[in-house]
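The first chain written gets the first letter, and so on, giving A, B, C, D, E and F; residue counts start at 1 in each chain.
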Amino acid sequence: MSGPDGDGDAPGAADPTYTASVVGGSGFTGGELLRILHHHPEFSLAQATSRSKKRKTIGHVHPNLREMDLRFTPPADLESVDVLFAATPHGVSMERIDAFQEAADTVVDLSADFRLGTEAEYDEWYDGHARPDLLDESEYALPEINRGNLPGADLIASGGCNATAAILGLKPLFDAEILAGDERIVVDVKVGSSEGGAGGGDASSHPERSGIVRPYAPTGHRHEAEIEAFLGTSVSFTAHAVDMTRGASATCHVYPEAPVSKGDLWGAYRDAYAEEPFMRTVAGGGGVYRYPEPKAVAGTNYGEVGFELDPGNRRIVVFSAIDNMMKGSAGQAVHAANLALGLDETAGLEFTGLHPVGAP
Amino acid sequence: MSGPDGDGDAPGAADPTYTASVVGGSGFTGGELLRILHHHPEFSLAQATSRSKKRKTIGHVHPNLREMDLRFTPPADLESVDVLFAATPHGVSMERIDAFQEAADTVVDLSADFRLGTEAEYDEWYDGHARPDLLDESEYALPEINRGNLPGADLIASGGCNATAAILGLKPLFDAEILAGDERIVVDVKVGSSEGGAGGGDASSHPERSGIVRPYAPTGHRHEAEIEAFLGTSVSFTAHAVDMTRGASATCHVYPEAPVSKGDLWGAYRDAYAEEPFMRTVAGGGGVYRYPEPKAVAGTNYGEVGFELDPGNRRIVVFSAIDNMMKGSAGQAVHAANLALGLDETAGLEFTGLHPVGAP
Amino acid sequence: MSGPDGDGDAPGAADPTYTASVVGGSGFTGGELLRILHHHPEFSLAQATSRSKKRKTIGHVHPNLREMDLRFTPPADLESVDVLFAATPHGVSMERIDAFQEAADTVVDLSADFRLGTEAEYDEWYDGHARPDLLDESEYALPEINRGNLPGADLIASGGCNATAAILGLKPLFDAEILAGDERIVVDVKVGSSEGGAGGGDASSHPERSGIVRPYAPTGHRHEAEIEAFLGTSVSFTAHAVDMTRGASATCHVYPEAPVSKGDLWGAYRDAYAEEPFMRTVAGGGGVYRYPEPKAVAGTNYGEVGFELDPGNRRIVVFSAIDNMMKGSAGQAVHAANLALGLDETAGLEFTGLHPVGAP
Amino acid sequence: MSGPDGDGDAPGAADPTYTASVVGGSGFTGGELLRILHHHPEFSLAQATSRSKKRKTIGHVHPNLREMDLRFTPPADLESVDVLFAATPHGVSMERIDAFQEAADTVVDLSADFRLGTEAEYDEWYDGHARPDLLDESEYALPEINRGNLPGADLIASGGCNATAAILGLKPLFDAEILAGDERIVVDVKVGSSEGGAGGGDASSHPERSGIVRPYAPTGHRHEAEIEAFLGTSVSFTAHAVDMTRGASATCHVYPEAPVSKGDLWGAYRDAYAEEPFMRTVAGGGGVYRYPEPKAVAGTNYGEVGFELDPGNRRIVVFSAIDNMMKGSAGQAVHAANLALGLDETAGLEFTGLHPVGAP
Amino acid sequence: MADMITTEDPLTGEEIEIPADVEAGEIVDSPATGAELEVISVDPVTLEEAPELEEDWGE
Amino acid sequence: MADMITTEDPLTGEEIEIPADVEAGEIVDSPATGAELEVISVDPVTLEEAPELEEDWGE
């Protein structure tokens, strides 16, 4: 248990109750975790790790965190904390999980390492798994589909950003039995450049990456696995990189067996999300912002979902939009940690975003 | 017949053979027409019309054409020319067609007014038609699907940009009988801001429009009509505005009855486009640019098409990319005019684009 | 005095103490005021006015505020509140000031109407002033130069965004007597598109406005007046529009009489800002973010200032960067209101920004 | 002497007269050289070199050149040609100049290696020079200041892009004796991301680089040397990176001794540039594009210059805008080669740019 | 330009030109399709589609 | 967190904290200014401004 962070960020709040560390703190999602935890009333930050930036101040990498009085430490030197967040590339957590669990009672992993349920899935979609024995224990972080299992969870797997967007858009249709699971579903995704993480190659340099609509995952592979695992249906997934930094937008084209009305759809989405603190349904209406779009949720933990009926083609188009850095990773991870520890679930995640905003 | 334009833009070329005017020259596609015609070896520009900018120089509106020694004239004062290009909003050409045809033997219209074949279609998709008697006479401008009918045509309807992108991507699959016409086809389109024309409202102001992925035609309406008319199949169309100025990218998700191989697909696209001077097939490979993308054709009359196989879902994903200002409007119009008049079809359209380029 | 806003945005906080309204709530700075006040622990929002959007929900215009349960009212129907914020175009407040002061004890105006001290200045730089009698009473909002006069102020004039950026950058040099006031000072400013407000014309449409470096105030006029009024020196001001939505960046080129060292400069900026909660000095160092830049403060009330020595030219280059929507308008206004009312000065303004972030 | 390139790009043109190669053909300026030469009526392309991309097709790197039937060769295998263009990083040409001159009678170098006139300058501003004996022989490529010396030149040094922008803006003031050379001149530059070349690091990744105004050369160093060498005056140079891909914009703030009128300025710029085929003066007027801006010349070899008078501060503000890939490098190099060989100086450089255009 | 030989593109069946001195295992891009092809054998030259670069964009 | 020591920032004269086990020649960033400082000696620790990374943006 640690004392409060002395810089008065959470004025009026009681002393933080839990200590936390971030492995991979120099990366993009790691930086978001640091930002959220630094302002979170119930967490006190102990360590942020980086190999390449060790000893440097947090602000050296994340200019928005210049006020933080902390330096990166090597990931080998983990101190004991209450919660450890791992924001490392795929494959790292499964190798280092023993060290992580030794350092912390609760481990929240942002990579794909503990999302799927069985070794067979990792054999099919990835290069196998180093610790299949733990797959049973881990809980998927997305509260909108797994709220019930989070309290007390000690190994939590934060969802993939594209999968999160698709699942949030489609799930109400399954719950309401508008879809049964054997329909063909096209998931056409558009994502920003932060999805690639901090270490990009040629394709992510500004001159090559700006102004694009670029197919980067023409057929889906791994993203499909996660959607299938949680919706129980296979999907036809395609992702495009577009010119924004944050944001993932999924457009799902679905063809229900039986005709549905707009009222049915509103009912399905209301049933699914009316009580969810971070979900909004946006479907038509006036003004500039009529359907979900990443700009409207940029910087926030909110997810927007919406739909339009296409009676001529007997199609429903479902739109969903999230910030891949927040609802799609760091925000989802903290949301799940809040629930695991029994805290107010919105703690540290209240920011509602900006207007106007460019390409955040 | 007019003399050459004295400013020496086409050095070494013989005197231009045809005169041309542009109605709607102050708009976006009108500006592109002016640029192309000004450098075209066989055309001499007579008039560019604008009501709001009349008497102003062309360069007042189009900064890239400051060297042109011409001022806008009111659209009511049309002189007699060989070819008249109309780049006016939907509904104008059908009202003014008699004046246009009186002024010129060949009329090329960039609006939707003469694209569909029957009054019934205009009743269904638009607000009817003022001159249904002419619908039979008009020829669709896109050479890749209507080359044979263009020589000698005197009323030419340039295609819609989204429809052009979709048609170019899908047509080889129909020709090769990989698709039969009764399959479900999802057409998910991403477009730039110039598609809205020069007179935008709130939603197209820079602060609201930048950095977006915004559903703007969630279900397709009019664009579907045109695709259906030329491919003979209905499609499920959805369009999104993204942060680029030029460009339309269509991702078509199709499910053929019978299994196909990559070789079949390469064969289909080669058969369709090997002889086409403005079509490229880009499907995989290395480097940064592996599939069609608007950046790679920005500013040009080229269209890129490509595909990927998704055997798990028995799906073909077809990508196509054009510059909506060129292949999707002004370039297509000039291409068709070249063919109508028996000129070299690439005349005036040779520009191959830039690299690197931002969001052109 | 009003009750708390029922939606739990300020959990744990006591009931808000003050009521506030925003005139011009449908505009860009008005939207930011609404956002800040909605989450501010000490304010309860009573009204937001708009003529064009009256009766519509706040969320209709500002998608980040969809959760707010409030509709726009006409500006003529002002209720009595503690603080009224006016975010209207220049000229409105000076006409309506009696109504504003009747409605509220404290009026904070974001326009230029009460920034300058004398009628003569309004005659020179603007079209005169309708209520010169009030110019003596009003206080300039920027705490870094006017903190002492804000407690108890009842008419507060929030600074211009470009002037704020320039003043924050230059002031330490005057305080430290590195500059005396008779030197030539070049202020070269780069600003984002939100500076133009919500109702843009042709030049601010996305196709025309994106990707630009466009001189929009080649010589300074009004911005110079405000800088001169508060720094006591004339400046050579030039502003360029660049491709971002939020942000103002001022580069000041100054030539001190006597040689200075980097240590002198660090001393000057530390003396000026070490105790200021919203100011950071960033001047060299490693990593990507070495000098002030708007991205690093986007969405926040922070200002960054920094400098570099150019001994060869005996020049100091001073950089400063703010978010024009926050430190340059709405944030500054709330900061001043906090001080006027004796609240914690950072209340409602704690957000420290995002990383990575595109063009926010 | 080579035969024509068989793909018919220059229809109607006679056979190309000269052969050319590009060393550094996989880079950004090298790609532009390839594009220009491929369409140039008088050049036939022999080789394009790259170490990292050797044997790959040109189109693998430059998607706009997919039609070219050529593969990269290693820079060690240079064939004999008429003109060799070197687009390599600083330091390469001075080491390899003997091989270059053995391969070609005319060498055009795009790096800084042969721009300055004396070894002393390279000692001061760079790390010395390997071949000072050649500095006397080389000619600066910019025709607007060195046209007379280009015919017959066999070693040509293409100017730096920022220096080119500044020199073009300021030179008319020196020629017209409005400036004498001892005035203080501030050169405040804004540049796009292609200026950094194809191999960028962290700071040029899309998430870090987009939406910025970032001081990257706070005080000028090397750029000042070149400006000083050709204008005979020292300048206070500062450069900022902004969110565009192509373009360099220089704003020069100058204070002439004697008062000048707008008429004087128009006279000075007309005298300097009226006969120049690639220069435009843009200074005020109506519409959206009133002063020079990079968008208006993107993709072209044009330079725009303009000015505004600031009588209150006795200042002239000079704006200039170029495309750093064209007038600032590859275009300037070909322009100079045209003049060196006695060709039509505009050959291959006729493209006048696009409207609208995003951030090209 | 180095010597070239003519061979068949395995994806399209088209005749394509590649450098004459390619080695087994080398990756060449097809001028017909831009696709990356692996040289399977050199005498005679046979090509097949190169295994796809598994590019993980970090999901 | 590793042990820290207090020393003087050579640019500002301010007291700053840096890791206790720095080595001579190491570059540390100043928490006061963000500037990169070179460790000149370790006993006691003295710092000076690190020579600037000459970053050529390709001009």
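Following the convention adopted for this analysis, contacts are C-beta pairs under 8 Å (C-beta built on N, C-alpha and C of every residue); 3 or more make two chains touch, one makes a residue touch a chain.
As the structure is a prediction and not an experimental result, all values here were calculated from the model.
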Topological distance between chain A and chain F, in contact steps
1
Regarding the chain A and chain D pair, does the interface count as same (over half of residue numbers shared) or different (under half shared)?
same
Check D-E against B-E and say which one is joined by more contacting C-beta pairs.
B-E
Centroid spacing, where centroids are CA-atom means, of chain C and chain D in whole angstrom:
39
Averaged-CA centre spacing for the pair chain C and chain A, given as whole angstrom
34
Chain centre separation (chain C, chain F; CA means) in Å
35
Report the inter-chain centroid distance for chain E and chain F in whole angstrom, where each centroid is the mean of the CA atoms.
52
Mind pulling the chain D residues that touch 2 or more other chains?
28, 56, 60, 66, 192-194, 198, 202, 207, 210-211, 243-245, 288-289, 293, 295, 298, 356-360
Indicate the residues of chain E shared as contacts by at least two other chains.
29, 34
In the complex formed with chain A, which residues of chain C make contact?
9, 11-13, 28, 31-32, 35, 39, 41, 56, 60-67, 192-194, 198, 244-246, 280, 282, 285-289, 293, 295-296, 298-300, 325, 344, 346, 350-360
Which stretch or stretches of chain B touch chain A in the complex?
184, 186, 188, 190, 202-203, 207-208, 210-215, 218-220, 224, 234-236, 238, 240, 242-245, 247, 249, 251, 253, 255, 288-295, 298, 308-310, 312-313, 315, 317, 319, 321, 356-360
Touching residues on chain B, where the partner in the complex is chain C
28, 192-194, 198, 200, 202, 204-207, 209-211, 243, 245, 358-359
Listed in rising order, the residues of chain A that touch chain F in the complex are 46-47, 55-57, 59-60, 66, 69-71, 73, 77, 79
Chain F-facing residues of chain C, complex
262-263, 266-267, 270, 281-287, 290
